[in-house]
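The following blocks contain the structures, represented as structure tokens.
What follows is a pair of complexes built around chain A, which joins chain B in one and chain C in the other.
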Partner chain A sequence: MRAFIPNYQLTTPASLAEALTLLESEPGVWKPFAGGTDLMVLLEAGRLAHRNYINIWGLNELRGIEATDTHVTLGALTTYTEVQTNPILRREFPMLCQAASETGGLAIQNRGTLGGNIVNASPAADSPPALLAYDAEIELVSNRGSRWLPYQGFHTGYKQMHIDPDELLARIRLPRNTAGLTHYYRKVGTRKAQAISKVCFAAVGKTGQGKLMETRIVVGSVAPIVVRCVQTEAALRGQRPDEETIAAACASLVREISPIDDIRSTAKYRLQVAKNLLADFLATLRT
Partner chain B sequence: MNNRHTVEFKVNGEARSLEVFSMARLLDVLREQLQLTGTKEGCGEGECGACTVIIDGQIVNSCLVPMAQVNGCEITTIEGVAGGDQLHAVQQAFIDHGGAQCGICTPGMVLAAVDLLNRNPEPTEHDIRNGLAGNLCRCTGYMKIFESVVRAYKK
Partner chain C sequence: MSPIGKAFPRKEGRKKVTGKALYVDDLSFPGMLHGVTVRSPSPRGRITKISFEGDIPWDEFTVVTAKDIPGANYVALILNDQPYLAADFVNHPEEPILLLAHRDKYLLEEARRNVRIEIEEQPAIFNLEDSLARKEIIWGEDNVFKKYLVDKGNVDEVWANADFIVEGEYETGAQEQLYIENNGAIAIANADKGVTVWGSMQCPYYVHKALVKLFDLPEEKIRIIQTETGGGFGGKEEYPSLIAGHAALLAWKSGKPVKMIYDRAEDMVATTKRHPSRTRHKTAVTKDGKLLAVEIDFVIDGGAYCTLSPVVLSRGTIHSAGPYVCPNVRIHSRAVATNVPPHGAFRGFGAPQSIFALERHMDKVARTVGLTPEEFRRRNFIHEGETTATSQVIRERVDMDQLLTRALQLSNYHEKRERFARENAESNGRFRKKRGVGFATFMHGAGFTGSGEVYLQSVVSAEATVEGVVRILAASTEIGQGTNTIFSQIASEALGLDVDLIEIVQPDTAHVPNSGPTVASRTSMVVGKLVESAVTGLKQTLIGSSLLPHEYGQSEFKRACAEYIARFGSLKTSSTYQPPPNVHWDDEKYQGDAYGAYAWAVYVAEVSFDELTYAAHVEDFVALQEVGRVLNPVLAAGQIEGGVAQAIGFTLFENVVWKDGRMANNQMTNYIIPTPVDIPPIRVYFEENPYAYGPGGAKGIGELPMDGAAPAILNALENATGVSFNEIPLLPETLMVKLL
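For the complex of A and B:
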């Protein structure tokens, strides 16, 4: 059943400083509210347990995409539409743009944010695989200061992550080291728009003299968190991407993921699709 | 606790100031307080697009927008698409080419199409499918809708 609206509070701070002070002064009382595309769905379903929210949508400090020689930095409020229309991201981080274009429909892309996608912490979210494959770092801010941490490791379990109640996710930073990489992103779902992934696969790789110099392989919807498959990456290093290597990599991948049966798919299907996508990715690196 | 706030915004060019709950859905305020019932509710969870409106030049699902986020915004609903008695080319095309049957999806479809043509005056079929991907229709089978959009700009 729908929630009783008068029970909820959505307060609008004038600045980031004001938002952080509110978060600090009443620990745990306030939670951020960005584009609302996850929170409003819970509200409608009567499953939004928390009552008090800070409307961060208008905070310009959390918006914008900036580039330096070494990094591209995105505000946490960057929408999927903004991702897709940024020329640097299109050129250097095509998997993030593809993820954005396959997230919901246009109305969702105009409102949903990268920060919300990260902190909502769904293992089926579609941007995190791309962000992890691009070695993203994230910045958390509070009145105590700012800290940057690798996105890899931020999520520790289902909906568990290293963020304190007084912190906001402020920015996401991508190192501009993608020159010469092959980018491979596949979202497998029932329909192109609006569908939640059954499996989401993002990987980059590079070969030299026929051997795999570097791969970064990430799979979503196959474990309680999105998984960067570091053991599989290690097993691939220095190998030729031939049939034998692919078989060994698939065997390693199976040990790193733990898909389950749910309403969208089965463990068996997810496992097979993840292996197929890994094999297909490695085959594209063969030439 | 008093969770009612004054929110000021423009709807179809007209300035409005309303006392509302901060978490009230824009969809409900449009329909129930402003009697702009052209905006429809299908799913209430962002899936169907029946509640589509344009906020500051972008389509959104009004079922997912709380009133606190509407302050200072300009909103166009289906009631604001026609210029007086003159229907928008998209509306006329939907009438002429069978783009509407039961009509529940139509306001959202029309707004999504108007927005698409504003951004991209000569969309390909792929662009049209993408632009309308968030709008579901249970009647037409979509082909008449796509055709209506094409006719609207080829006119």
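For the complex of A and C:
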């Protein structure tokens, strides 16, 4: 069940420009290889369609965490370990740090990257729910230039996304608007650590005079893509987080997600636990 | 100072942690090829065509089919029904059909994918219910590999007048052994020199026996060498006979050494797992809580071929009535065929399945009668002089009452029971974690069942060198459980020499006698006793030849060995198994002394249940057992901790997802075993009651810790939630359905 290794090649460009030129010259032929934590599993299983890989791990242009007054910007190659240890992220974006700490084990956290977690496009990924709840934006670069777009809407279907064959994901940007928000992140995996999510829930919320001023609710592993539950958010705006509101919100959530039975869990379980997590999140906003 | 009961470090530990220990995949031979198995894509049917496709240089490959087998095309074991290579009909997915060898192991994999096997499919059955219902006859006349009937007293006379009759049904799932090192073997084979195999295995002489038949060669032409082995848990009891045979067939045809190493995906999808089971209980009991009659129907799913299923069934059958005394017992058990890869040996060997059922059922009976689980068991525990289900008279001192009292104290059981009942009833309108405690009381017989040890006729030899080093020759393998260290301690005790002067010889059938398989919790207790008597023979030979005084030191021993060898050429003694006195077993009626000795245990689990995610977590675990003398406290505690952790996996995590008879989650990302954070502190306690016929007083413990955790955890979950769960693995998805 192993891959035929001589059939693969991996090239290591010296710079981002070189990498982009290679991507442009043979569109779709070269697959970027960052930390390799997802790709190596598929390689070992002999299930990788590509035969050509660009090793982008050494591209310093894609590294680093920078903060301005309005944003924190993370290079796409920022590792889970770097996320967890950054003081600004810990203070203002705790769900992202928690997601990073619950992804894989230490070796994976040292090697796996935030950008990889996004473009691997798994609905069960752990950091996208936090990124969506924090209104992240992403930057795609190519020899044609650079473009920023909201992360929300980037993924369009299972393993599908708005990225052109000559583009690389370069940076992720988070607006520093989390003051006064309640953060609620819960990964429900098949065990307590080193597990793939069965349901992953990230939400932030703010109340004023006992009413919900703002909520951002994101659920992973319950649809072909990670789902920002905009209708449920809209239904909650201005409501008191009482039992009636919670019941209505759960009813709305059910219409926004479409979990399935698979090797890890059941649709029924995912739906029920997603509802429970929403109810628990809203109950924390009650006081 | 006696070495018995001391925590000597592992004999091979330094070699392992420094990377010097050589596992089979570390070995290489000049000109060596790699081998791979081409397996059935279908669960059942006739092979109609095999084609070699793709852009592959097929003329470079060695190809072996059933036609190339020089001897008999079956894995010699019990019924000899499993072929090495399916010739024209397959009975399970992943059944071996064809073997390929090539120098380039990657090209080999590419080639494997380009062999197309066409099968004319026939209807298949995938679970024991369909097999029992004979939805399709896939094996023999009735799908039944083996059945047993244990009959004591007459249960039929009891039902009419019993105060209570309590019935229940219990199920357990398959479980993967998941040793760290996958199965693997290297073979060199030719008509001139015969067949030599190096491999990761538990039982070199099982492989030896199988290859004698496969190649139709005399015994001395087959040589099996155990390499350092990274765990077995039963998964390397019978399976190595298959992979060793495959490697040897390729070596025989190619004329070159051939290495076959499974990767994890192949090991999980193709090799043996724990037998799934279904147990039905019907129990008659008085209003005072005394057992009047026990009727048990125990069924295990053996998979497509018989392999070891009759023996697994036997152990499960005998353990199914537990450490209780009851005048009327009827146990009816069957191992049935399905079109899945054969299930096989796995730590506990049938007993964890039947003990799970019994200990869940005991809680149910207690509740029906209106007694606590504790009080009901106390009224029925077996004592010295009383008889088990097989009418075995217990001749050792057994005090289950005292064990239970101590385990409940150590776990703070009564205080927790009271506190959790109060706390679980409180509500703040949010999702809560409910808690519960539960326990199981059980025993596990050590050594082969019934007359098994007598048939085995195990032999251990000991040989002295001129340097005064004593070498132990046995086929019993070190597979991570501590054989080397325990044997050294036993020999050291018997000879009065340092453990460092004892050397354990690598199991190699050309050099070591057959001390039997490394299974059944028998290595310390049964083979250890042979080590003790073999080295005692050495000592007595030296004393008898007046070269050694009765009281001696190490230097005197060394001088005596050197002198003896100078005079007579060598100094070697052997010891052959002798059963303890008054042991009788009737294989026909399944009555008598099933095991020479039992370990007795009480395990207590505390669990929490999360209402938000429906996940159960074991918070605390007390494992108390009476195991005779503890030979090495660190190794013994390690056995118990590892067994309990494996049993927690069996109970709450490890779910083999079957799709048309094939394991669908054959990778470690999807077959979920517990990590350290999923395991509670496992608090291990021993009671010591030396066993007269074990070395240093020891009884077997290898399998015991696999038995008690599952029922203790489910009893605790019932205490936490008020709902009765009777199937494992018990995943959050199932808990949710039952609780909503």
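Methods note: the second predicted complex is superposed on the first by the 287 of 287 C-alpha atoms of A that agree within 3 Å, B and C clash if a C-alpha of one lies under 4 Å from a C-alpha of the other, contacts with A are read in each partner's own complex, and residues count from 1 in each chain.
Note that a contact is a pair of C-beta atoms (placed from the backbone, for glycine too) under 8 Å apart; a residue touches a chain by one contact, two chains touch by 3 or more.
Just so it is clear, the model here is predicted, and its values are computed rather than measured.
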{"item": "Which of chain B and chain C A:230 touches, first, second, both or neither", "value": "neither"}
{"item": "Partner chain in contact with A:247 - chain B first, chain C second, else both or neither", "value": "neither"}
{"item": "Partner chain in contact with A:45 - chain B first, chain C second, else both or neither", "value": "both"}
{"item": "Contacts of A:36 with chain B and chain C, given as first, second, both or neither", "value": "first"}
{"item": "Contacts of A:196 with chain B and chain C, given as first, second, both or neither", "value": "second"}
{"item": "First, second, both or neither for A:88, with chain B first and chain C second", "value": "neither"}
{"item": "Which of chain B and chain C A:5 touches, first, second, both or neither", "value": "both"}
{"item": "Partner chain(s) touched by A:260 [first = chain B, second = chain C, both, neither]", "value": "neither"}
{"item": "Touched partner set for A:55, first chain B, second chain C, both or neither", "value": "first"}
{"item": "Those residues of chain A which chain B touches in one complex and chain C touches in the other", "value": "2, 5-6, 41, 44-45, 192-194"}
{"item": "Chain C - residues contacting chain A, complex", "value": "105-107, 109-110, 113, 263, 265-266, 429-431, 611-615, 617, 653, 657, 664-665, 667, 669-670, 672, 674-675, 677-678, 732-733, 736-737, 740"}
{"item": "Complex contacts: residues of chain B adjacent to chain A", "value": "1, 3, 21-25, 44-47, 49, 52, 58-61, 63-66, 68-69, 71, 112, 115, 130-131, 133-135"}
{"item": "Partner chain C, residues of chain A touching it in the complex", "value": "1-7, 41, 44-46, 186, 188, 190-196, 263-266, 268-269, 272-273, 276-277, 279-280, 283"}
{"item": "Chain A residues within the chain B interface of the complex", "value": "2, 5-6, 8-12, 33, 35-37, 40-41, 43-45, 53, 55, 57-58, 81, 104-108, 110-111, 192-194"}
